[in-house]
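What follows is a pair of complexes built around chain A, which joins chain B in one and chain C in the other.
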Partner chain A sequence: MGEVICLLEMRGIDKRFGAVVALKNASLTVKEGEIAALAGSNGSGKSTMVKVLAGLVAPNGGEIFIDGKKVEIKSGTDSVKEGFATAFQDLSLIPTMSVKDNILLGCELKTKGGFVDEKESRKVVQELLDRFHIDCDPDDYVQTLMPSTQSMLEVAKAVFRKPKFLLLDEVTASLHYDEIETLFGIMRELKAEGVSMVYVTHRMNEIFQICDTITIMRSSETITSGQVSDFTLDDIVYYMTGAKPKHHEGTGEVSAEDYTDRELVVDIQNLSIAPKVKDISMKAYRGEIVGIGGLEGQGQSEVIRAILGAVKKDGGSISYLGKPTKYKAPADGVKAGIGFVSGERNNEAMFPIRTISENIFAGNSAKGKLFKFLTSKEVKKFSQDAVDTYNIKIGKLKDPASSLSGGNQQKLVVARWIAMKPNLLLLDDPTKGVDIHSRQEIHDIIRDCAANGMTVIISASDTEELMDISERIYVFYEGEVAAMLAGENKTPEHLVSAMMGIKSSEKEVE
Partner chain B sequence: MAIRESLRRFRRKPAFTGCMLFIIVLILNIVVQGWSTCMSGGVTAENIFAFFKPSALTSIFMSNLPFILITIGQALLLIVGQMDISIGVQIALVNVVCIMVPQTTGCPVWCGWLVGFAAAFAISAVCGFCCSVLRLPALLVGYALTFLIQGINVLIMNVPQGTVPMAYWKPYQSSVYKLFNNPPAFLKFLDYIPVAALVLIVVLLIWHFFSRRPFGKHIYAVGTNPRNAFAVGINPVSTQMKAFLIKGFFVGVAGICLTLMSASGNPLQCEEYGIKSLSAAIIGGMGWGGWGSISCGVFGGGFLVLIQNTVYYFFTLLSKLVAGFTVSSYWHNFVSDLIIFGGLLMTIVTAKEQRKTLQQGLKAQFKRGEKNVR
Partner chain C sequence: MSDKSINRDFFSRLNLFIQTHTALMAVFIAIILLIATFIVSPSSLNKVFFGNIILLTIILSIPAAGQTMVLIGGGMDFGVGAVMSATAILTTYTMRGQNGHFLQVFFIAIAIGAVVGLINGICSVKIGLPAMIVTMAIANIVTRMQYILTDGVLSGSASPALAATVSYRIFGVIPAIVMYAAIIWPITFFILNKSRYGKQLYMVGNNPTAAGLTGVKVDKIRIISYVFSGVLAAFAGILGAAYMATARCQIFDGYAYDSLIAVIIGGTTFAGGTGSYAGSIAGSLVMILLSNLLTSFNLPSPMRNILNAVILILLLMLYNRSKSVRQ
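And now, the complex of A and B:
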C-alpha cells in the first residue's frame, strides 16, 4: 500500500462551555477519499467536533493538522478556505431565500461586470438538483419545502462548494429511504474523486453500509477508532455505552399488573401530534419516576408539552387522574396540579433580569387569583424556604436570577415548581448544560419528591441520567414507543439499542 | 401559460399584497378625484381623469418623492434586520445643510448639496455603527438619534429660513416636457412624466445595480440568520454597514428633493416620517429581517401617499354632495390614519393565511413522502 497520508488530523481537542465539558482530549483522523464515521450517544461531543471544523466553535485547546500542516480555524471563512464544507444537523439554509440563492450563497456565479449571473446560476442549480434527485424549482422559497427536501438541499449546498472535506452531521435523520440511497450514491462518487468525509450518524446500519473507518466518542472523549470491518454492532454499542449488549429478547413490555395497587396518574393512549409524534401510549403511576428516552427530536418534548396543554394533540387521548384532559393553555394544566420544568431555561423558564425570589414565586403567583393581595414578606418567606430546602447557592434574594450559575438557575426552576407541591411534575431535559454536581443535587430533589407521592415524568438526552433516575423508561423512536424498559430489562445496552432502533435494522446489517 | 406561471410566481412574492393594496387605492383615488372634480367643473373627459392631469401628477410626485425615497431606504434596512426611525429628521438635516452651506459661505448651490450628501452618509454610518457594530437595539438608536439630529439641525439653522434659486427648484417642480424651451408637439406626452418621477426611476435603477450583485443576496441571508450567513463566509457586520450607507444615499437624494420642493429650510420638519416610513414598508409587505424587497417600499410608500390624497378628495366630494358639510383637516388625517391602521392589520391576516397554506402544503407533502417509503 505504501505510505498512507493522514489528510486531516485533530489532536487533543478540548472545549468547555462554562462548567460543562463538551470535548476532552478528543481526536479524529481522516485519510484522503475516506468516509469516516463519527459515532456516540447523545451529548458525547460529535456535533461539537463538526462545529470545531466548521469554524463555529473555537476550541479551548488542541491542534488541527491538514496534510501535516498545522492550521487555525477561527471562523466560517477560515473553514471554507481550508476546503471544508458542512451540512449541519440543524440546517444552515435561509428559509426566506430561494433554493438557487441558498445553494450559491457566498459563492455566487458572476458575470464579467460583477453582477450575479442568474441564467447560469439557474442552469447550474438545476443540474445539482437533478443529481440529487431533488424535486423542486430553483426559484422556490426554501421555507415552503418539506423537511427531508431541506436536508437534501443542505447536503447539495455543501457538495456544490467542491470541498476537500465534506462534513455531514446527522443529515439522514429526516430523510426517506430513497433519498438516503441517492445520498449514498453521491457519497461514493465523491469518494472516488478523492473527497474525504466525516459522517455523523445515529443509524448503525448506515455506518456498515457506507463508512470506511469509525471513531467512537463517549462523554466528550474519543474512546476508540479503526476500520469499520474490524467492528461488530455489539462492539460499537459496547464502546458507546461501556457495556456489552446481551440478547434483546426481554426488551418487551413489563406487565402492568405490578402496578395495579398504585393510582394511575397519567394515561396516554395512541397520542399523535404532527409531524413528529405518530403513536405514543404510556402510563405513569403515583410516586413513580418515568423516564422518556430517545435520540433528539423523536417527539419527547412534544409529548411532555401535550400533557401540560402547551401543544395541541392531533389524535389519541391523554387522561390525568382518570379524566381526559382538555387544557387550552398551560395555565389550565398548572391549575390541575401539573408542574413543568424545561431544559431551555432561558426561553421557557427563567426571567433573567427579575430577582431570585420573584423567579421562585412565579409559578405560585400564577395559581392564585389575579388581583389577590400579595405581601413582599410572603414572597420572601416562600422563596427563602425554597432556597434553603434545595440548597441553591445565591447571593441575596434580591439579586437578578441571571447572577446564578447555570446549575443553580436550573435548581431554582425545579425548586419553583416543587415548592408548589404539584401532583405531577414534567421535566423536559432538566439538566441540559448543567454540571455534574448540580445534576446530582437536582436528582436528589426529584427522588425525594417521588418518595412523597409526586409523579415525575422526565425526558433526558443523557442515557446515564435516564438510567440513574427513572424507574421505567419509555424509549421513543421516530414518534413511536420503541421499547419500555423496567426491572431487569433496564440496562444501558437495551436503552441505547432501542434508541438507535437497532432491533429493527439488525437484519439489514447481517 | 407563461403569463399564468409568472402570475403564480408573483403571488408568492412578498410585494404581492403591497402591490394589490396600491392598485386598489390607486383606482379609488382616480374615481374619487374624478368624481369630485366633475362635481365642481362639470362632466368632461378631462375632469373624469383629473388624476392624470399633468399638473396634478407633477404635484403629487414632487411633494411625496422624499417620503417614498426614505421608505425605500427603510425597506432596505428591514431586509438586513435593522431599521432607523430617525430617518425623517435625517432628511431635515440634509435640507438645512443644503440651505445653510451656500447661504453662509457663499459657495455655489451644488456645493451645499455635496455637503448635504456627506452629512447623510455620515449620520447613516453613525446609526449603522451603533446598530450593527455595537449591536444596540435599532429602535433605541433611532429614538436617541432623532433628538440628537434635531439638536444639530437647530444648531445649524435656528429658525426656518433660506431660499433656493428658481433655476434649481423650477425644473424639479415641473414635468419633463416643460424642461424644453420650445418643445415640438410630438413630445407632448412628456408632459405626463414629472421630473420627480424621473428622479425616482434613476434611484431605482441605481438600486437595481446593487441588487444584481452578490450583495443583493447577502442582505437577505444576514437579515434572516446572521449565524448561517457567517457560516458560509459572509461578514454580517460589513453587509449591514453597506446597507446603512446605501440608505444614506437614499436619504441624501430625499433631502435634496425636500429642499427643492419647499425651496427653503426648516430644521424641525419630517420627524413623523420615521415611523410613517416604517409602517409604509410593513404595509408594502416587508417582514422583520430577510423578507420583502425594495418594491415593497415603493408600493407601501405609494399606498400611504395615495390614501392621503384620496381622503382629501373624498371630503371635498362630501362637502359638495352634502350641503353645509365641513370638517377640519384633522378629520382628514384621522380617516387616512384609520385606513393605514387597517392596512397594517391586513398584513397580519395575510401573513396568517400564508402560514396556513404553508402548513397545509407541508402536511400534504408529509403524507406523500410516507407513501414513497412503502
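And now, the complex of A and C:
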C-alpha cells in the first residue's frame, strides 16, 4: 500500500493562543475517498485542527500537503480554493436569511444577463434538500428551523460546494437517529465519488459505523492513528484519556440508607431542557460535593443554570430544600441562598472595568435593599477579608479587575460567593483555563466550605478534577445520566467509559 | 521622522491620561475656558458673571445627573430636554406669577417625569427598542402635549417666591439655586456610590450577563435609571422656569444634547459601566463656560452654534475610546 499518496497531510502543526497550547506537533493524513475520524476528549485540539484546514486559525508552525504539494491556508478563501468545505459544529448559517440564500451564499447562480437566476436556484436547492431529506421550503428563514434541521442544512451547504475534502465537525451532536442515517448514506455516496472526509465526533459507535481510519488526539497532540478495524472501543478510549475503561453493571444509585441522616438540598427529577437536556434526575445532600461529569455540551451547564433559575426548564422538577423551585431569574435563586460560579469568567462573572473591591462585593451588592447606605469601610473590609482569606494576588483593591491573572480572577469569583455563605454553591467548570496552583487553592476553599455544611454542585470537563473533588459524580451523556459514580464505583475507568456513553449493553454488541 | 514619532507618543500619552482621568480633565478644560474668557473679555470678571455661571451649571447638572445614571447602566435618554420644557411650562402655566402653587407643581412635575421615565425604560429595556429612537419618540409626544396645553402661546410665569429661590444672590454673588444643588448633588452621589442600586448599575453597565447571574435584576435596575432621569429632568424644568420666569414650548429641548455631552465630557461612556457624577458636574461647567465664551466673541448666533459644535467634536475626539474589550 506504500504507493498510495496521501491526498491530504498535516505535519507537525503547532498552535498557541497566548500561553495556551492548542496544538502541539499535531498530524493528520487522509487518502482519497477516505473517511478519517478525528477523535479526542474535551479540548484535545480536534476542532482547532478542523479550523486550521478551514482557514479560520493560522497555525504557528507545521506544514500542510495536498497531493504531495505544500499549500498555505491563510484564509477561508484559501481553504475553499484548495477544495475544502466545512460543516461547523456551531453552524455557519445566517439565521436571518432564507435556506436558499444560505446554501447559495457565495456561489449564487446567475442568468446570462448577470442577475440571480431565481428559477434555477430554487430547483438546485430543492434537489439538495430532497437528497438530504430536509423537510423545509427553500424560502424558509433558517432561524425558524429546528436545531437538527439547521445542522443538516449546514452539512448540505458544505456538500453543495462539491468539495474535494469535506470537514464535518461534530455535526451529529443535535441530529436525530434517522437524520444520522441519511447523513451516513450521503457520506457513503460521496466516498464512492472520491470525496475525502474528516469526521470529528465523540460518539464512538459512529466511528465504527462510518469511518475508515482514525486519528486520536489528547492534550493538543496526535497520539496515534490507523485503520479503525485495528482498534477496539477500549483502545480508542484508552488513547483518548490515558485510562482503560472498565465496564460495570447498572448505574449504581447509592442506596437511600447511606443518606437518610443527611438533609436533601437539591432534588432534580426527570428534568428536560430543549434541546440538550433530555432526562436528568439527581440529588445533592447537605455538605456534599456533587460532581457533574461528561464531555463538553452534554447538558451540564443547562442543568446547573436551571437550578439557579437562569434557564427555563421544559419538563420535570427541581426541588430546593424540599420545595419545588419557581425561579424566574437568577435573582430569585440568589435570594434563596444559591451562589453561582461560572468558568466563563469574562462573559459571565467578571466586571472587568470595575475595581477589584467592587467585583468581590458584587454578590453582596446584588442582594439586599437597593437604597441602603453602604459605607466604603464596609465594602473595603469585606473585600480585604476575602483577599486575605482566599489568598488572591492583587495590586490594590482599587485596581480594575482586568488587572488580575486568570487564576486570581477565578479565585475572586469563588471568594465573592463563598463570602456570602450560600446554602448551595453551583460551579460550572470553575477552573477552566486556570493554572494548577490556583486550581488546587480553589479546590481547598470548596472542600472547606462543604465541611462547614455548604452543598456544592460542580461540573468539570476535566476527569482528574472531578475524581479529585467530588464525593459522588453524575456522568451526563446526551442529556441523560449515563452513570452515578460513588464509593468503590468512583474510578477514573468508570468515569471515562460513562463519559463516552459506553453502557454494558454496548459492550455486548461489540 | 523622529519629530513625528515624538509627537505621536505625546498624543497617545495625552490620550491615555485623558481617558484615565476624565473627570479631572473636564475640570482642567473648564479652567482653560475660564482663562480664555478673561483674556477675551476681561470685563466679564465680575460678580454677575460668576453668579450666572454657577446658576446655569447647576441647572444643567440636574438633568446630567439622570443622564449619568442612564449612561452608566448602558442606556441613553434623549428625552430629558422635552421633560424639562414640559415641566417648565407646567410651572408657569399653573403659577401664573402667583405665589403658593409650589407643592402642586412639584408633585405633578415629578409624576410626569417618573411616568415618562418609566415608559422610556420599559420600551427600551423590557421591549428592547433602541433607546435613542424610543426616548426621542416619547420626547416628541411630550413636546406636542406642551402645545396642546398652551396652544403654543406664552402664558403665565413662575411665582416670584420660586424665582427668588433660584436667582436670589446670597452675599450678592452666590445664586440661591445652590440650595437645590446641596440637596441633589449629594443624593446623586449617594445613589451612584454608596447604595446597592449604584453598585448594581455599574455592574449592569459593565457586564449585564454577569450581573444577571450574580443575582441582579438587570431590567429593573435599568428601568429605574430612566425613571431617575425623568424625575431629575422634571425637577430641573421647574428650576429652569424659575430662572427664565416665563417659558415657551420646547424652551429647554437643547438640554437633551447638552446634558449628554456634559456627561460624556465628564468621563461617562456610551458603552456603560463607568463614569462619575463629579465628572458630569465638571462637564456641565465646561458646556456653560464654552457657550459663554463664544457669546463674548460677538459672533452672529449661527456662527456661534457652528463653532460650539466644532469645539465639542474636537473635545469628544480626545475622549474617543473603543468599547471596553473583553478578552
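By our rule, the second predicted complex is superposed on the first by the 492 of 510 C-alpha atoms of A that agree within 3 Å, B and C clash if a C-alpha of one lies under 4 Å from a C-alpha of the other, contacts with A are read in each partner's own complex, and residues count from 1 in each chain.
Everything that follows uses one rule, which is that contacts are C-beta pairs under 8 Å (C-beta built on N, C-alpha and C of every residue); 3 or more make two chains touch, one makes a residue touch a chain.
Here the structure is a predicted model, which is why all the values come from computation and not from measurement.
When the two structures are overlaid on chain A, which partner does A:374 contact: first (chain B), second (chain C), both, or neither?
Second partner only, chain C.
After superposition on the shared chain, which partner residues are touched by A:335: those of chain B (first), chain C (second), both, or neither?
It touches chain C, and chain B stays clear.
With both complexes overlaid on chain A, does A:361 touch chain B (first), chain C (second), both or neither?
In the superposition, A:361 contacts chain C only.
In the overlay, answer first, second, both or neither for which of chain B and chain C A:86 touches.
It touches chain B, and chain C stays clear.
If you stack the two complexes on chain A, which partner ends up touching A:95: first (chain B), second (chain C), both, or neither?
First partner only.
Going by the contact definition given at the top, which residues of chain A touch chain B in one complex and chain C in the other?
Common to the two interfaces on chain A: nothing.
Going by the contact rule set out above, which residues of chain A touch chain B in the complex?
54-56, 75-77, 80, 86, 88, 92-97, 101, 104-108, 110, 114-116, 139, 141, 143-144, 146, 148, 176-178, 274-275
Which bits of chain C are touching chain A when the two form their complex?
Interface residues on chain C, with respect to chain A: 190-191, 194-197, 199-200, 202-203, 206-207, 209-217, 224, 273-274, 324, 326-327.
Could you list, by residue number, the parts of chain B that touch chain A in their complex?
Listed in rising order, the residues are 9, 12, 212-214, 216-218, 220-221, 224-225, 227-235, 287, 290-291, 358, 361-363, 365-366, 369, 372-373.
Which positions of chain A touch chain C when the two form their complex?
So the residues of chain A touching chain C come out as 308, 310, 329-331, 333-335, 340, 342, 346-354, 358, 361-363, 365-376, 416.
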